[in-house]
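Paired with chain B in one complex and with chain C in the other, chain A is shared by the two complexes that follow.
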Partner chain A sequence: MKLSHMNAHELKALLATKEVSCKEIMSSIFDEIDKREYDVAAYIHIRDKKELFTEAEKIDNRRLKADNIGILDGLPISIKDNICTKAIPTTCASKMLENFVPPYDATIIKKIRQADGIIIGKTNLDEFAMGSSTEHSAFKITKNPHNTDYVPGGTSGGACASVAANECIMAIGSDTGGSIRQPASFCGVTGLKPTYGRVSRFGLVAYGSSLDQIGTVTKNVKDTALLLQVIAGVDSLDATSVDESVPNYCDLLSLNGKLTVGIPKEFFAEGLDHEVENAVKNCISLLEKDGHNVIEISIPHTPYAVPAYYITACSEASSNLARYDGVKYGYRATDTKNLMDMYLKTRGSGFGAEVKRRIMLGTYTLSAGYYDAFYLKAAKVRTLIAQDFAKAFELCDIIISPVAPTAAYKIGEKADDPLAMYLGDIYSVIANLTGLPAISVPCGWTTSRLPIGVQLTTRALNEPLLLSAAYRLEQLLATVA
Partner chain B sequence: MAISEKEVNYIAQLARLSLTDDETHTYLKQLNDILLYMAKLDELDTSKVEPTCHVLGLENVHREDEEFPSLSKEEALLNSPDKNDSFYKVPKIIE
Partner chain C sequence: MSSSEFEAVIGLEIHAQLLTKTKMFCGCSTKFGSEPNSQTCPICIGMPGVLPVMNKNALEFVIKTGIAMNCTIAHFSRFARKNYFYPDLPKGYQISQYELPICQGGHLVLHTQDGERVIGLTRIHMEEDAGKNIHDNSDKYSFVDLNRAGTPLMEIVTEPEIRTPAEASMFMRKLRSILRYLGVCDGNMEEGSLRCDANVSIRARGELALGVKAEIKNINSFKFVEKAIEYEIGRQERVLLDGGRIVQETRLWDVATGVTKSMRSKEEAHDYRYFPEPDLMPVVVSNEIIETIRATLPELPEDKVKRYVERYKLPLYDAELLTNEQQTAKWFEEALVNGVNPKAVSNWMMGELMRLLNENNLPIDKCKVSPVHLTELIALIDKGTISGTIAKSVFEEMFNTGKRAEGIIKEKGLVQISDEGSIDKIVEEVIQKNLKEVERYKGGEVKLMGFFVGQVMKLSKGKANPAMVNDIVKRKLDGKATDE
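Entry: the complex of A and B
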């Protein structure tokens, strides 16, 4: 098997016995990039090859000298291009930040470097992480590595495609309404959105601050535990991060005892594709055969999740994106008459259509007289949805559901209908509205050979249970595959 | 609660976005469609519900008012589209 096709744990074992070197892994990754990147277009920026090989060699030399190496062992990791990397461009896939080079690292980037991960490059996304398909990037459209006529999902489409196409070993993405889990499902990789506050967001370019969370994209659940281990933890630079100790996720992967698994009846309703439904139901029967107790639960406020989500996300986006004024950094329009004209033209021509649409919506919903009717109302609906989940978790440990109503769709299919695109987020936005941790695990294929993912959700900060349940399900799926 | 073209232009002005006529018309239709869909929340009586701010109920975080290292002037100005010595340069504000 090619090194680039292996997962992080397989490579760590080979590195530990010195059967392979980081340089060989890097070289295998570049073979894959040379072969696939032209078609897949996962990356906005790949770092200088020489620099990357020098970094890999340094870690190899330290290993030869029996120095302590961090747990990421020199593995190549891609970073979504809305996370600040010092001296490496960070564009958010926007003309607005086309030439932006951050003067600082995001906290998680520091942590990855400290753990000896090698940052290979920056992956494509929908502009400012707004969209569901990675078609809304100002620079390129990322393709689904399993069939390049199809979207990879979004907004972490580049991150998930980079892992699925073996153009890196693991990836970091961000998830505001499903932006890690939905593309992970579309690309057949494992995507985790941790509990809100579990991972520092310092250095993540803000979109919907009460929803945004950094998370992982990997080839399996065990690798998810490894990467989460590195990035989790409180940060004085992110006041919303949670001051709770970080468990040893890798050691807690085996499941103790049997679970009660809840199936929300509202999630298996109209609009759910048959193949997706069957794949998820297959997971449910596998868990049942494994001795877990499966029960039906109810999340009565499900139909209100998407509107509450878009009101919250767009309102917060309109506020967060006010900083792009053409003064301190980023793009500035030329040929302007005065300051106001400069603002209008800079923002009018610097942002793409979807971003402007959301700023417009958010400006409206926050404007005088409408705040109570929209933003405050949505914040109250979030409480109602959270209460639904609190009740459900009195009855079950894990909730199982689809990630998205369909598998990947064709490029261009939903590009002109924003509302249809928004409705595709029905199963994923709930974890952001409630802050709960949720993971997407590959669970099957459509007849046209596109991946399908299944979503597991659990109580806040209970990533160990979430990962061990996902790990068990992954094993059960492997035995029948 | 349909919004008019006049309102779309007003929102664009508030948001500091110059829009072409085409964009204005597209957004007029799309915003109305989306707002109609968002009105679904009106079905719910939330008069006795507390809003969610931080999902885990975290409150204000305080720290000592102490100096700590921050970006240098050069680093802070590095990405500015227009600057003059140690200042950001903007179009004339006072006529």
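Entry: the complex of A and C
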């Protein structure tokens, strides 16, 4: 098996016995990049090859000298291009930040560097993480590695494609309304959105601040635990990060006892693709056969989740993106007559259509006279949905559901129908509205050989339970496959 | 209707820069007057992906102010974003507070000529300052200095309960005094660390409904608080008397011409699209924290005034003047030793001391005269060692050199002449030299008495005991009159 195709734990074992070196892993990854990147287009920026090999060699040398090496062991990790990396361009897939090079690292980048992960490059996304297909990048369209006629999902489409195409070993993405879980499902990889506040947002370019969360994209659940271990924890630079000790996720992976698994009846209604439904139902019966208790639960406010999500996210986005005004950094339109003209031309030509659509929606929903009817109402819906989940978790430990109503769709299929695309977020936005942790685990294939994922959700900060349940399900799926 | 039938309704919105070492949401310095953009970081220049973290000192300062101004401190308050575009506002929004401010209600008491006036406060909230646009460095470009961006501010909003420009100015002075006592703001209006906008409307006297208001901005000195409001009231009266209508608008005070000018109308007003700041947690303040902060409050000017009037029997005027600045009050209190008469200390401080401090542009804590040294001087006057007049020159010498009164008096031989024989001799000499005037005095020009006393004092270089001089001159002149 090629090194690039192995997961992080397999490689760590080989590195520990010195059977392979970081340089060899890097070299294998570059073989794959050379082979796949032209078609898949996962990356916006790949770092200088020489520099990367030097970094890998340094870690190899330290390993030979028996120095302590961080738990990421020199493995190549890709970073979504809306996370700030010092001295490495961070564009958010936008013309607005095309030439922006941050003078600082996001907190999680510092942590990855400290844990000896090697940042290989920056992956593509929908501009400013607005979209569901990675078709709304100002630079390129990322393709689904399983079939390049199809979208990889989004907005962490580049991150998920980079892992699925073996162009890195693990990836960091961000999830505001399903942006890690949905592309993970489309690309057949494991994607985790941790509890809001579990991972610092410092350095993540804000879209919907109360919904944004950095998370992981990996080849299996065990690797998810490893990468989460590195990035989780309170941060003095992020006032919304949670001041709770970080459990040892890797040691807590085996499931103790039997779970009560809740199936929200509202999630299996109209609009759910049959193949997806069958794949998820298969997971449910596997868990039932494994001795877990399966019950039907209700999330009555489900129909209001998508509107509440889009109102909240767009409102916050309209404010978060105000800083891109051409004054301080980034793109500035030329040939402008005065301040207003500079603002209008800079923002008019610097942002893409989807970003402008959401800024306008958000500006409207925050405006005098509309705030109560939209923003405030959405906030109330969030509270009601959170209450629905609190009630549900009195009855069950884990909620199982589809990640998205369908598997990956064709490139261009929904690009001009924003409403249809927004409705695809129905199962995923709820975890962001409530702040709960949720994971997407690959669970099957469509007849046209596209991956399908299943979503597990649990109580806030209970990532150990979420990961151990996902780990168990992964094992059950492997036995039947 | 004439102008005297109108009544003004004034409310103030005051911005005070907090004296914290670092900015509201990042670790940059708040020092004034540094090289442009030298006190900035990714957070205060609004780079992508950065997050604010609240300065706990700033919160403490605002709570302190709230307690001093009799506000209710909110156990739960929240930051909000105020959205608007301007080059000096790096994030495109200002982090402020909106529907849940940290302090609500409260009041300030003014002692006006018409008695006590209680001015209610609406609220005090925390926010961050913007940067500065610079337009005069180039014909082609404008520049932005973000050193000030993110400096902690508190906004203090009064109820529309101020009625005259004088009250508004008095309010500002009193507020400044309190802020300086608390050490939360230096109160420098000229440098912009204390800024004031005034909402002004007028209505017929006795009318309860409020008139249409104008908001006056750019008032940057205590003097202009009064002048700008006075002008605006006059302007509104003229509009109404001419049969016109006041429009709601924002007006700028123009220092050069002394008038207010329209800046934007209500229709052009911003919709700030306030919403709760998602990057900051709600501010939760327990009773325990409030009480801990309350315990750190100094005695405030209002309480000092009461104490000075009741305990030291000072007139209200003296008490207010002495307590306006904490250092002055401290000086006064340190002088109250050795059974000195507080009113005598007050007189010296309000007279000679203030005059000399002003002339030399010195703060009282840099004064070479110590409070105890002043009491020594007062004791010397009381004992009759020197006269009040001589004391003034002695005090000036003390002020300039830091020497003590007794030393100066000895050195310069200023001890008062209180021995009858010596004075008698001088008086005799004056009489002999001015026989013509003696004649005139005898002829009925009794006001010449002053002339003789003056001559005696002059001849004694001011050292003669004035009471004795008076007695002796009178006795001699009148005696001479009866002799003949």
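Here is the rule we use: the second predicted complex is superposed on the first by the 481 of 481 C-alpha atoms of A that agree within 3 Å, B and C clash if a C-alpha of one lies under 4 Å from a C-alpha of the other, contacts with A are read in each partner's own complex, and residues count from 1 in each chain.
In this text, a contact is a pair of C-beta atoms (placed from the backbone, for glycine too) under 8 Å apart; a residue touches a chain by one contact, two chains touch by 3 or more.
Keep in mind it's a predicted model, so treat the numbers as computed, not measured.
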item: Broader residue contact with chain A after superposition on the shared chain, chain B or chain C; value: B
item: Touched partner set for A:Leu64, first chain B, second chain C, both or neither; value: neither
item: Contacts of A:Thr240 with chain B and chain C, given as first, second, both or neither; value: both
item: Contacts of A:Pro307 with chain B and chain C, given as first, second, both or neither; value: first
item: Contacts of A:Ala16 with chain B and chain C, given as first, second, both or neither; value: neither
item: Partner chain in contact with A:Lys380 - chain B first, chain C second, else both or neither; value: first
item: Contacts of A:Tyr331 with chain B and chain C, given as first, second, both or neither; value: first
item: Which superposed partner A:Ala390 touches (first chain B, second chain C, both, neither); value: neither
item: Which superposed partner A:Phe100 touches (first chain B, second chain C, both, neither); value: both
item: Chain B versus chain C as contact partner of A:Leu339, first or second or both or neither; value: both
item: Shared chain A contacts, counted only where both chain B and chain C touch the same residue; value: 100, 103-104, 210, 236, 239-240, 318, 322, 325, 327-329, 339, 343, 363, 367
item: Chain B-facing residues of chain A, complex; value: 99-101, 103-104, 195-197, 210, 236, 239-240, 242, 301, 303-304, 307-308, 310-311, 318, 322, 325-332, 336-345, 347-349, 351, 353, 356-357, 359-361, 363-365, 367, 374, 376-384, 386, 418-419, 422, 433-436, 460-461
item: Chain C partner contacts - residues on chain A that touch it in the complex; value: 82-84, 90, 92, 97, 100, 102-104, 106, 201-206, 208-210, 236-240, 315-316, 318-319, 321-323, 325, 327-329, 339, 343, 363, 366-368, 371, 375
item: Residues of chain B defined as touching chain A within the complex; value: 3, 7-8, 11-19, 23, 27, 30-31, 33-35, 37-44, 46, 49-56, 58, 60-61, 63, 71, 75-76, 78-82, 88, 90-93
item: Touching residues (chain side chain C, partner chain A) in the complex; value: 42, 45-54, 81, 83, 85, 87, 90-93, 144, 271, 273-275, 278-281
